[in-house]
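Heads up, the next two complexes both have chain A, just with different partners, chain B and then chain C.
On to the complex of A and B.
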């Protein structure tokens, strides 16, 4: 057709581009080789600076070149006067800006910029801050830039309030932004710290099991609740707001302390439980018996654990074996400036000293209980959202956590119903929910047990998939785990140092790793489980007092010589049911 | 061009440089048609034009004296041809022009327009004088048409597809507002707006977001019976949300069928978040830029342009029912295979008037501040439902100086509605007096002051039925003028339809090649100067430019 504009064909364009690329590659490799040989020769001149600049501006992710460049710059510092050095770093900063345009998420460029900001004689921090503003307005989740911003803010002492306003702005334009929410969580405690009188005493006696370091004053907290509710009512499927919400609701960390000391005359043994797993071997845990320091070897409950919540030591033979004697034991933990006393009275075989779980409000530590009226109203809001979005998993999960913080036993039924819904709407994570639910059921059972003041622990028929909080069960003599969905008795189980009877019928238990060195264990009831090999039963051999073992309904009983092998493996067992 | 004669033969001759004609011209030239594009006016874009304040005042004055002298060109006729006379004025399609000035006059009362019925000295205490406005007059770009570009509407798609977007810059409309219970309120339409809104309760936020999410999905047929207003009531959304959804998001009236209402809601939502917090874009320097951009593309591909070029008549070959040539105002006979005419130059004398009498009422105000002051550079669209029975629903677009359509310190407000009462003044005055401080109102007022305003009626280009084409000669196509809708869908659709009739087998506005990919005969590929030049341009990532418009912050 006439009058048509003639345009190069695609093949022509491709060919041109190919040639262009080839040419570029040649230049690039030549420059790279020149750089390497210069570095080898230890040359740090202006030309090297120029060469690395050429290469890095087309490929800012070449870490070796950045290193070389830093060597050159440091050398140049020594040969130039201050104004020249300042100028050199000024150029470096503007060069870096062009690199960031090529790749705004280049590790090398950002790292080099923070290095330059350290070296330069003078930095225009206001300019750096506005660079961060600009980058974050283009991509509000560029974590390199967030990192650099924190450096800039620290160096130039930007007021915390200004930074909080900055997060306001970013969250306002897009609240699906973990970085902004997280930044907020670091700023708020600085700007609106919790007033000292409302903070619970810490470090005073009796030592509080929890640090209610709520960190933000109530007035601001209420504002934050409102802000974050706006986010999750607007888009309840956005996780970032929910995570921030959980942070606001206050996850108090438990203080490291000695939660229980147990002493047994028969075994001449002391067991110490801590609020968190610790490494007591090197920590210098000191034992004082009747005023005399004792040199003892502490060991964790299982050789696998370097850190453990329970540590054991054997006392020198004969030190407490006379039942007519009374003994006073103190365990010192100098590292945390804490100690716990325990008295073993005349005529008693064992003794202990511990905090009761109810006093500690042990399991509410996920959320703070400081202001239950606040939590109650938060629960109301979430329930309101649940009415509109009955299948929203984040809402369901948050409600469960709030209910646990408020009244774990009172809300047990509702909690279980919500777990059921959760497993249905979020089936990909149903195992996680099962484990979490198991944890809560065990917590509730521990609470109930504490009220009853017994040493029997029964959690049968609760759909348990995992065991936890076993450190709380140090004193238990009888545990009933029947009719659950347990598959292992894990290593942690060896914390149950006083256990005499283990009932675990009707589960799917395959191994018994945790039934290890339990000095008082006498009966193990494992009817209808999945134990298939003798090897799985080997840990039982470490329990010296075992006399009854029920293995009926397990695959292992099918093998012809099971009985003889077991007799050999477990000579103490008098009653073996196969 | 004045003295020289034009070539005497073209493939396509277009008269009028409105949006539709300009798109057709660009599309035809792009695929190699020889195009002549004429306009009798001294400016581009016909009824889609923008004027500086000074030019607008002149335009208003000159409209008073239309000169449509009829000349006899019968000597140029060939056998079997019959002239169809063309009109050169749009006096008939723009009516009821009224101008009021409330700015303080510098000295004596000063005649601002042809009909200043209010005493000017009543406007005491205002900072800006009319003389000041005139002095800054060149900073204004006042559009005759008030529309916005849907971010994913057919105009934006076409601008991107054709690369015409390179000739213009765009701004985001930053907020959607509505007028309710005597207050201007922001309509939360994006996720960020809903999050930030202080007017909505938590539950309303959830309900709104859920409803919007559900709108994106297609609905079952039976759900779509009845009217949208009723449908919204059934969703138990509450008064607030119903108002926002009906008037500001669907932008329809109470009696719009559910199906149509949900379709326009979907369109609104589809366009959200592409460029900013609202679904709309506005061209920097005003809408009048857009037809000019297409004209420029046409010219790049060889189209010939003549403004100030009166046309006299078309020559009709009655037996073939085709027009053979056009005779221009100077008596030159120009033969062509196709003729594209703007509506208005055609109907006056020969054929019965094509469009009905429905018209658009337009108002343009220059004010001293925003109707909802906020950060600077706000560009707002405001939906104003019917204030009382019998009054029309009005759409308002408030432009800030950031759009380069008004002087610093002023705002340019466009009002648009379907005419109901006769004149634009009658239709729009009630809204203006309520929302703005005019000379009559007291000075202690939070409402913006109106400094100057201008009302007129324009034929509604959306009123004519498509079947009008049947009565035309087979190679003559008439482009409707602007319609009352907010978007440009109708004009673009019509342009494409006309293009398809002219060159049925060609692509409509394919991407224009990059300048460096065009082969010129004189271009020696070995010339080092050329290759150097090319390399520089190659560095720019071309793909990035193609998918999106460049929208300024």
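On to the complex of A and C.
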């Protein structure tokens, strides 16, 4: 099924072809039957080799036959001397070469070659490399060949530096060689590893080998930047260099940690936020109150989530409700060898302990922050390219990335402008870019909010199509989402455990599934949205303190008896605006 | 005049020719052209393409389900009386080895007869599509056969005698365990480690560690993790976002499998379904995707090809339909993006599993 192009031929040509195929088919079936009867009888001789050769030449995907052939070869090893065995395997390699000429993408053939290379008494590895070179010169994207090359390099201990030079040559002659860039990404960390002190901390989940370029030492990284810049200045429209560049600029994953602990006397409840979704139910979290371990049940923000960035537990009644008492609480996460303390002072109803997103440089878009001078110079280069190629989407994307790494708030205006251009030049993905832009606007709002040290979050009138980073909003009391393009308040919204007021007028909101069990929520303002059914409002009934609900300008208010049904659904909402 | 002709050609191109596709799959199940002879060993996968294709087209009424079901069961490698071949059980691709036809009783001892992980996977899917209750599947034998295929690094061989090993067969294994509702068939943790190890510098997945990212392997990785219920546990939010980006950038009109390669109909499913599983498929351009898929439609014999002006084949015909289904083509049934069968067949599986658990 490998892309056979339609070709018109005459009736006579068709007939000739048919006859030839029929002849081949007869030979094939005869050989196959002979082969299997030999195999059944456990025969492993030269004739069997010959038969399987015939069949495999026309059908290299007949896996069972390769296996049979391997058995024959192994048996022959026991009855031949070493020079004969060597000759046998050399013939095998020749045979394989002819198979590969016909079908350079057969799993069976490449696998068998790899097997032979392990069995033959002597292997001419230089020749194997040269076979790969030839194959790649015909199709530099043949991943079977690349995979085999990696095996040859490993088995024959070709120095990594030499292979790096090989990629230099390929990339030098054709920058648009994605497979070469890929190979380079695997070689660099081997040749120029970063010092062991900067290895990821123990206890973190096993990294995937290639994802982090922080495993390449600085000096080499700078050289790579230059190489890559040459590439994308030469052909700005080729993805290869840009993806590689993105990888170079990347930085390590953060350590997993507890990012926030919040305690509330009113509900006698503790909420814990993590740096990533976790599964805390299976005894992973331990609570210690005033020096005493407490047995508690942890639950995620919504029953449907087994993994959640925020987990909640109720303390035994009477534990902390007396405002005259001071308490010390510690949350332990033994699996990650980390913990968080939080003190609840006399006279205070609530308390929290949180790492700010600013300090954590949470939104520095994954880039290496310690080298801001380098990033600055990279930004300059990309801006230069942008002057020459103002509509190049890769350039725009990379500039956005660099600006967010250097100064997300300072570059906010330019970032928005670039997003606008990006949506025009790559309109096929404009919805994706809107989403990305929404994310960055939310990140900037979080940073501004922290700077102002308030618990009010306002992203009004920002063309928001989606909400994210809700785990960073655990502490906020007021949220203003009005005049955007939001359609859903999804389940993750229930992470906003401190929320008192939700303002969301002038959106296109259809569902409120995330307005669920918010213990402090008092006001919900939804004027001019798309709430169409009573069912959509059901989650609100789980919020015990809700007393004001504005539903004006929503289709649900048009249905008969809307008011009485709503009063029935939400009896404690004293003020209902329809 | 010429303008009118090309306009009507264009309109014709955009029309989805349901009936032709039904007939294409019917022919696929009757006789295949000689050039498919090399696929004899994997015949069951071709049947799966045809059956699932007809299911997506809501046209299963054109076949004799009972006949099909019997044939599929004849491909089951059954345990011998002394149960000595359990590690070789599963389903074969076809009868090419020459085992006598049998759908029940004990297996026949044969040194070279064994299941193939992709045949077991497509065999089970095909039975479900045909409405079978899997009661004649020897589940324990299949699972034993599956366990025998997993290597220490977490990947799988296709057959117990050995073959290449990579992420494709992890996907088959995960699907088998999911369908049989029994994860004892594999070491899930090891498989996850192999999958993570296959994540490449550009955040696509390769066939294994150090290998180039590819839309097909990315599908295998993400779909496997979803079937295991471990997507969020195995990959961080940042990694997931980067994977989304790599996948979204595959759309050129239709989708390509790798950067700088031409778009190909089948990736409208492999990459499309991955995006669907990652919740961002709605950010792709449906119109361009549809236009490309339909440009590979064969107006005469039905089916889809990988590229325009190429001959259609069952794989691209099936995946082209799935690609169209993902974007909501009206006459097509919805496809379960991780298991790659219709939601209807998936519902049938769910009900079966409920009865098994009840027991």
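Following the convention adopted for this analysis, the second predicted complex is superposed on the first by the 446 of 578 C-alpha atoms of A that agree within 3 Å, B and C clash if a C-alpha of one lies under 4 Å from a C-alpha of the other, contacts with A are read in each partner's own complex, and residues count from 1 in each chain.
Methods note: a residue touches a chain if its C-beta (ideal position, glycine included) is under 8 Å from a C-beta of that chain, and two chains touch if they have at least 3 such contacts.
What you are looking at is a predicted structure, and each value in this text was computed from that prediction instead of being measured.
Visitor: Between chain B and chain C, which one contacts more residues of chain A in the superposed model?
Guide: C
Visitor: Applying the touch criterion given at the start, work out whether A:384 contacts chain B, chain C, both or neither, answering first, second, both or neither.
Guide: first
Visitor: If we overlay the two complexes on their shared chain A, which of chain B and chain C does A:229 touch? Say first, second, both or neither.
Guide: Touch status of A:229: first partner only.
Visitor: Give one of first, second, both or neither to describe whether A:150 is in contact with chain B, with chain C, with both, or with none.
Guide: second
Visitor: Would you check which partner chain A:141 touches, where first means chain B only, second means chain C only, and both and neither mean what they say?
Guide: second
Visitor: Looking at the overlay, what does A:345 touch: chain B (first), chain C (second), both, or neither?
Guide: Neither partner.
Visitor: Regarding the shared-chain residue A:13, is it in contact with chain B (first), chain C (second), both, or neither?
Guide: first
Visitor: Counting contacts the way the document defines them, which residues of chain A are shared by the two interfaces, the one with chain B and the one with chain C?
Guide: Touching chain B in the first complex and chain C in the second, residues 1-6 of chain A appear in both lists.
Visitor: Spell out the part of chain A that touches chain C in their complex, as residue ranges.
Guide: 1-6, 21, 25, 28, 32, 36, 39-40, 42, 58-64, 67-68, 107, 110-111, 141, 143, 146-147, 150, 176, 178-179, 182, 185-186, 205-206, 208-211, 213, 238-240, 243-244, 246-247, 253, 276-277, 279, 306-307, 366, 428-429, 431-432, 435
Visitor: Which bits of chain C are touching chain A when the two form their complex?
Guide: The touching residues are 34-35, 37-39, 41-42, 96-98, 110-112, 116, 158-159, 161-164, 193, 196-203, 207, 209-214, 229, 232-233, 236-239, 246, 248-249, 251, 258-261, 280, 282-285, 288, 305-307, 309-311, 313-316.
Visitor: In their complex, what parts of chain A are in touch with chain B?
Guide: 1-8, 13, 17, 20, 172-175, 229-231, 233-236, 381, 384-385, 388-389
Visitor: Mind listing the chain B positions that touch chain A in their complex?
Guide: 31-34, 191-192, 194-196, 202-203, 205-207, 209-210, 301-302, 513, 517-519, 535, 538
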